[in-house]
Each structure stands twice: as C-alpha cells, then as structure tokens.
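In order of appearance the chains are A, B, C and D, and numbering begins at 1 in each one.
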Amino acid sequence: MSIRVTVWNEFRHEQKSEHIRRIYPEGIHGVIAGYLRQQGLAVRTATLDEPEHGLSDEVLATTDVLTWWGHQAHHEVQDAVVNKVHERVLAGMGLVVLHSAHFSKIFKKLMGTTCDLKWREAGEKSRIWVIEPAHPIAADLPQYFEIPHEEMYGERFDIPAPDTVVFASWFPGGEIFRSGCCFQRGNGKIFYFQPGHETYPVYHQPEVLKVIENAVRWAAPSKGPQPVFGNHQPLEKLATDCC
Amino acid sequence: MSIRVTVWNEFRHEQKSEHIRRIYPEGIHGVIAGYLRQQGLAVRTATLDEPEHGLSDEVLATTDVLTWWGHQAHHEVQDAVVNKVHERVLAGMGLVVLHSAHFSKIFKKLMGTTCDLKWREAGEKSRIWVIEPAHPIAADLPQYFEIPHEEMYGERFDIPAPDTVVFASWFPGGEIFRSGCCFQRGNGKIFYFQPGHETYPVYHQPEVLKVIENAVRWAAPSKGPQPVFGNHQPLEKLATDCC
Amino acid sequence: MSIRVTVWNEFRHEQKSEHIRRIYPEGIHGVIAGYLRQQGLAVRTATLDEPEHGLSDEVLATTDVLTWWGHQAHHEVQDAVVNKVHERVLAGMGLVVLHSAHFSKIFKKLMGTTCDLKWREAGEKSRIWVIEPAHPIAADLPQYFEIPHEEMYGERFDIPAPDTVVFASWFPGGEIFRSGCCFQRGNGKIFYFQPGHETYPVYHQPEVLKVIENAVRWAAPSKGPQPVFGNHQPLEKLATDCC
Amino acid sequence: MSIRVTVWNEFRHEQKSEHIRRIYPEGIHGVIAGYLRQQGLAVRTATLDEPEHGLSDEVLATTDVLTWWGHQAHHEVQDAVVNKVHERVLAGMGLVVLHSAHFSKIFKKLMGTTCDLKWREAGEKSRIWVIEPAHPIAADLPQYFEIPHEEMYGERFDIPAPDTVVFASWFPGGEIFRSGCCFQRGNGKIFYFQPGHETYPVYHQPEVLKVIENAVRWAAPSKGPQPVFGNHQPLEKLATDCC
C-alpha cells in the first residue's frame, strides 16, 4: 500500500503576495503534493484556514507522514490541533518539517527547545552538503547541491543534538547550518529540512523535492511495537516467591 | 567558586507518611543537600509548598544546578515556574531529574515526549550497570552497584535517545531500564537518574549520592557562548557587493 | 531488484559436533539463507574453508549485505579478505554481525575497540526488549521476545556508543546487554545482533530470523553519493581573486 | 594533582623549512606545551625521531592526555607504538588529535574508517562556529572565531558520526567541515580539532590554544570503573538452582 502523505501548508503568503503566487499558483502544498503523487504516494493536502486546519481526527488517523510548512501564522495554529499532531507523531506518524516551520508550535513542542537560529533575507546562494551519505535520505543525491537563492539560516540552531545530521549548509555570508536533521520521538520519525523560503522557487528544484520524497519514505511508520506503559507484573518469579 | 546547587523536593510524602518520615526526617531534600554540602558545594533547598515553590527569580538566577524530586503533585507545580525553570535550563542551568520526576512538567517539556515507562512496587533489588565508564558521571563507581529495594522502572522509556546512556539497570522481575541518561538542551545539561523510591532509603546509599554529586559537577554551566539569534548581517561581502 | 545477500559462516562447529550438526544439518548459514530466500532476497552463502573464504572480489562486488557468523576460528580469516570486506563496507555494503562475531577481525577493525564483553554458557533464558520501536529493525516485533536458551553476554560491551541501540537484553543471572546496535561507517551500515549461540536452535526462532531480515533490509545500500576526497578546487571565488 | 599531558609532534617540517621554523622555532610542540604549562598542567613533549618516538611504556603509563600532531611521516610511526597508544586510550588516556593527524595511524585505528576528507592550501580564512555551546570544550569562547589563514578541510569527512560535534567550520571557497569532534572509545576520550596547518601561526592564536586546553581538561581520565571482561559467574541464582 502506498504511503499516505498529508502535505500541510499555512497558505497565506501565496494569497497575499502577487510575487509569491506567481511562484506557487496552487500554493507551496500544491507543488509538493503534485511531485509526491508522481512518485506513487497517496497524497492529500491541508491548510491553515480549513476547519481544524484540515487536520481532523480522521485525516490524522489515516496519515502516515505529515509535511509541515508555516511561517507568519504559527500562533494561529490551535493548540488542540497541535496536541493531536503531537500524539500522532509519538504514536508513529512521520513528520517532515520544512524551512520556517522550525518555529512551528509542533516542532518546538517535540524538540523542547526554542528552535531559534540566525536568519537573513538577501537572496544568497546556499550549498547543501551531504554529511552522512549512508543515510537513506541522501539517496540519489550528489555530494552537494546548490539553491541559487535562499534565505540564510545560521548556527547556533537551538535544537537537541539530532540523531543524525544528514545535510549541512554553507552560505556566502559566512554562516553554516545543520540543514537536514533526523530525530526519533516516541514511535515517530521527524526530519527537519531547511530549504524553502517562500519568495524563491525552491520547491520547484528537483534535488529539494527528492530530499522531501526520501524523507517521507524514511519517516513512514515501520510497524514497530506500540509500547506498553504503566503497572507491570513481573515476568519472572521474584526471589521472595521462589527461594 | 563553589557550584551553587538548589535541591528541590515535592516534600509531601515525608509529611503524610510516618514510614517515609522515619527514612527522611528532614525530607529527601535534606539528605541530598546535606551530602552535597559535605562535598564542598553551595547548597540551598526549595520545596513545593513554599511561595513560588521556593524558586523565585532570584533563586533561579543564582542556581548553577537544580536537582528535582517529585511524584504525586506534579500537577500542582505552577506553569509559570515551570516556564522559568525551562528558560534557565536553556540558558545554561544544569538539571538533575530524580526517579519519579520523569513525569514532572519540566522534564516532559524539555524532552517533548510522554516520558512514560513501566513500573512496579514490589521491593525488588535493582542492579545498576555502568555502560559508559569514560563518562565523568561514572567516576569513582564500581562496574555495577545494587540497591536492595527499589521500585522497578522498565523499558520502553519514552524519551528521546539520550546523548549518552551512562547507566542501565537490571530488575529481577525481568525488566531493564536506561537508568542514567544525559541530554543537552540549549546551553543546559540534563541528567536523569532512576533510583529513589520514597519508601526505601535509597538516598542514604553512598553510590547513589556519589552519582548525584558527579551529575551536579557534570551539569554545572561550562561558560560556553550564549547563542545570538535573529536577523544577522553577513560576515563576508556577498557576491553582489563584490564581484 | 532483490537485495543480494551473502550469508557467511565459519562452519566448523557444525562439522565437529554431532550435537550442533543436529541443530543445523546444513550449517547455520543454511538456515539463515533459507529463511532470507523465502522472504524474496537473492541469497548466496560462503564459508571459511572455501577458497578466499568464499569471498572473492566478484562475490563481494555483487553483495549488497553480508551477514557474518564466526566463533572459534576468527584468527584463521585472512587479513587480505578482512581488508577487502572493510573496503566494501566503507563503500556501502551492509554488514550484519551475529553473536560471537563481536570478536571477528572485521567487526573489531570497524569499531576500533576491543569489542570485549562478559559471557557465560549456562543455558539461560534471554529476554530481548525493543528500546527504539520507531527503528525499522524493530518492525513486526512484539515489545519483547524471549530465547529459551542462550549464552549470556553482559556489559560492559566495549564498543563505540552505537548510533542507535534498537534492542537490549535481560539475563536471569543479573546482567544486561546492548544486543541490537546500529553503526554507520563510511557509506556502509552495520548491525550487531547478539543472539545465536551454536549449541541452541536460536536461528530457528521466528523473531530472531525476523530481526535478521529487518537488519538486512535496513543495511542494504541506499544509493547515497560516493564521497569525493583529496585536493579540491574552490567552488567560490576566493577573496584574493575577487575583491 | 595536575593533569599530565604529553604533547607529541612529528617535528619534521620545522627542521626542514626555514619558513616554518620561523613560525615555530621550538617546534609546534614547543608552543602548545608552553601554553599548557602556563595553565598549570604538567606537560612533557615527545617527537618522532626520539627513541620509541618519545613514547616509552613509562611515558605512556604516566600520561593522562596525549596530544598528537603529524603530517608527512605518519607511515614512520612504528606499529608497536601505535598499538601501545591504542591500548592506553582504551584504558582511559585522553587523546587530542590535531589537524593533519586525521590521517595518523592511531586516529584511523580508533575510528575504523579512512578518515579521508577534502583539502586545499590557498591561505584562506576559516571561521569556526560553536555548534554545542553547552559542551565544556566550548568554554570561554565566543560564538565563532576566525583563523586568518588556514588549510581548507572539507566534507565529507569519513569518520563515524561523532558523539558530539562541538565546532563546525566555514571556508570561503564554499566548503564546510565538522572541525571539533568528540568520541568515547573504551575508557578513553578523544577530541579531533581541525586547525593547525604548519605554514601559518595557528597555534599562536589564543582561541585555538584555549580549545586545546579545554579539550585536554575534558579528555583527562575521569576515574570510571575499568571494565571486567570474560567468563562471568551469575550474580543471581539461576532458575535451575532455585525453583
């Protein structure tokens, strides 16, 4: 069965800005969803202004991997929805966090830190280096690729040390950034990926889309056991029973 | 200058239960604080029923490492205090989380997961193995030590994969547990240590106290740079300026 | 295309001991290879006493994942073959290291440590707990499973801290062990799995075989970029050229 | 008692090149040793052309932390000495590996990988960012510092994923590098630090010296238990004895 992906987008910039709408006439979610469909995945989209932000219990229950792009309206995402997404991730749903969603409520809640960073909008190039070529998210990529125009994100990136740093980026202004980071939380797999400023056509670039596809495949639930918690009877005779 | 430690305790069991009060006549915090003082540290105590739980801005600002024991009243800890402790940890204050404080608001907030586990109160032995002997928290310890009577905590322990698992425990009922776990979050260092059920004299045991001392020394702030976040001017001439 | 697996076995115990031959009439490799074939993998076997230990350049070049069982004859494995396997792992071939192969030349060379441990042959039970249920090697497994009779392996296991500890084991004699450990080295993925003492029918047990299958699928090369090393021309104009 | 440091240097460039001798009239080891002495450490030096490379059993047995700089004569270091250093690290001696010693026999043996990388000698600047400000090796440093002229080292750096990446570097030619990496191996702590090309006065720079001092203090043995390996009697009554 195909991996079931829900591509979530704040979808405000595209409606407010003529410039951005020209880059993403069907929204950032439209481009990402379109690409993932072509790869054979079962894709839906959801956006902030839909009821429950498009993330009803039914949608979440039937989502294997959720991708998340947000920027200017993080605070408008309802806590009730954030809590449900959090529960679903811990229960096994994958989460791919894109660009400015480093500041989304869901990512901060999962990380436990500020997730703050340096940034600059100067239309700079970014060069993304593969740091761990053995990781499946690096599949079918060259040793580095470039994004002609991107917002700079720079260290210190205030996240827990990732389980794996798959990519790290170079910026011409002198900064570096851990731009592709894996985390396991509960039964869920999380991948943060830095590229994707809304004013540049980053999600039209094949390498960027390939990374997102790889991340979705990696983050899909792997059918491990659901943990059992709480009071637990001994599996062995305790000494007092036995000797 | 000595490391400034604040030993925080819920301090309810000791007041309600004659049995527990006999083990800890001055509270769990009294025993831990007394030991740490003997090691030359600058120690204060704070408890739940003090104003602001004993954790005023002034106390937090002058605390290098906070140790935390709580159990039945996690929900009574005010969110405002939790948020201040969270900020202080990210700014560099060390945090040593003891036993049932795995379910404290502050630990769950820092971890981003449920922090749930298996448990059983059967007066079992626990054997604590050193997994990473090179870690400073394992200093001056034998390869394993035993606690004659302890509450069982068993895996799956729903935490992010620790930066280092220093100790792991064996229980006679058939369970194992990652019982000594290091995490870096922001500029702060966090150590979770499993032993310490209130009905047994665990914090009178020399090895347990030694681990807490080692953890305090390890978690003390190390004077690294405070990160700079936000909009950032380029450190190099950008291509458009220069070529 | 199917994953191409080479199942390597020392294959001495089965020839020398009537008891062991009865458990594995076609060798340990026979049982593992048979199971993996049923799962749709493309499987060959190789053993110590074949020329080049069955690991010619051609065999290695067409192997995606190598599984390795050895015990009493580690020293008979030629260094030239070990070096070739080492190169292949760094170039991307997966390696699944089984039981007493913790002391194999190839595992020690890849780890850089002694890989020593505690052991005891007493026919004890072992209980294998899933520590990281989100990891693909934990797929389709219960939260723990038991091996009725197994050699005890106990900590301290002298390995580098694994990238992920997927499983850890409980033994009735009071020991614990990190029994399922992932490592990335170069472009290769390595999984160490503890079960498999030759005198018990461990590799006939469905859960054990399932772990090996999961590990093979996880360790298969993921087509990341082959790193480029050595002298490197600048990708940007250096300041002296430009300003 | 002071930490006992042995500063090891290949000490060939300084004798062959007038240019390099002017930078390091008493050798690279002379500058590093002089600085560490001023910080109150107990420092000796040792060089390649001394008998046993200056690393007799007695010297190694009384060394807490060994720092290692080598470049053109890695192959002249005797395997017997490398094996002794390896054993000492696993037994708890700290090791600080500097610059081109990424290709030293001892570092490659401890890592198990090629330790290869990209390089370029173009007199470029390097900017070293603190990635983990909570780590003790980042103490007393700014959020980044610059080395005016340095050899470029670029990713992919073929090492196991470090336990902690404390520093990462930016180079103007477009590369990045994990330039400060921690590893625990056996009872020993290892720190790799990238700066230090022989043709520039890198080890005269205060921030670089501070990092080396911090690394030495971090890598000093912490008196954890020496592991016990081999056949092990049960610590609990086995079921067959008891029930």
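FYI, contacts are C-beta pairs under 8 Å (C-beta built on N, C-alpha and C of every residue); 3 or more make two chains touch, one makes a residue touch a chain.
Source: prediction; values computed, not measured.
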Quick one: how many steps at least from subunit A to subunit C, stepping chain to touching chain? 1
For the homomeric pair subunit A and subunit D, should the interface be classed as same or different, according to whether the shared residue numbers exceed half of all numbers used? same
Please flag the chain sitting at the greatest distance from subunit C, going by CA centroids. B
Please determine the option from A-C, C-D or A-D whose contacts repeat those of B-D, over half of the contact pairs being identical by residue number. A-C
Averaging C-alpha coordinates per chain, one finds the centres of subunit A and subunit B separated by a number of Å equal to 30
Take the average of all CA coordinates in subunit B, do the same for subunit C, and state the distance between these two points in whole angstrom. 36
Which subunit A residues touch at least two other chains? 127, 130, 132-133, 143, 156, 161, 163-164, 172, 174-175, 184, 186, 227-228, 235-236
Inside the complex, what are the residues of subunit D that reach subunit C? 90, 109-114, 116-120, 122-125, 152, 154, 156, 158, 160-161, 163, 172-175, 183-186, 227-236, 238-240
Any idea which subunit A residues touch subunit C in the complex? 92, 127, 130, 132-136, 138-143, 163-164, 172, 184, 186-189, 222-228, 235-236
Where on subunit B is subunit C touching in the complex? 127, 129-133, 143, 155-156, 161, 164-165, 168-170, 174-176, 178, 237, 242-243
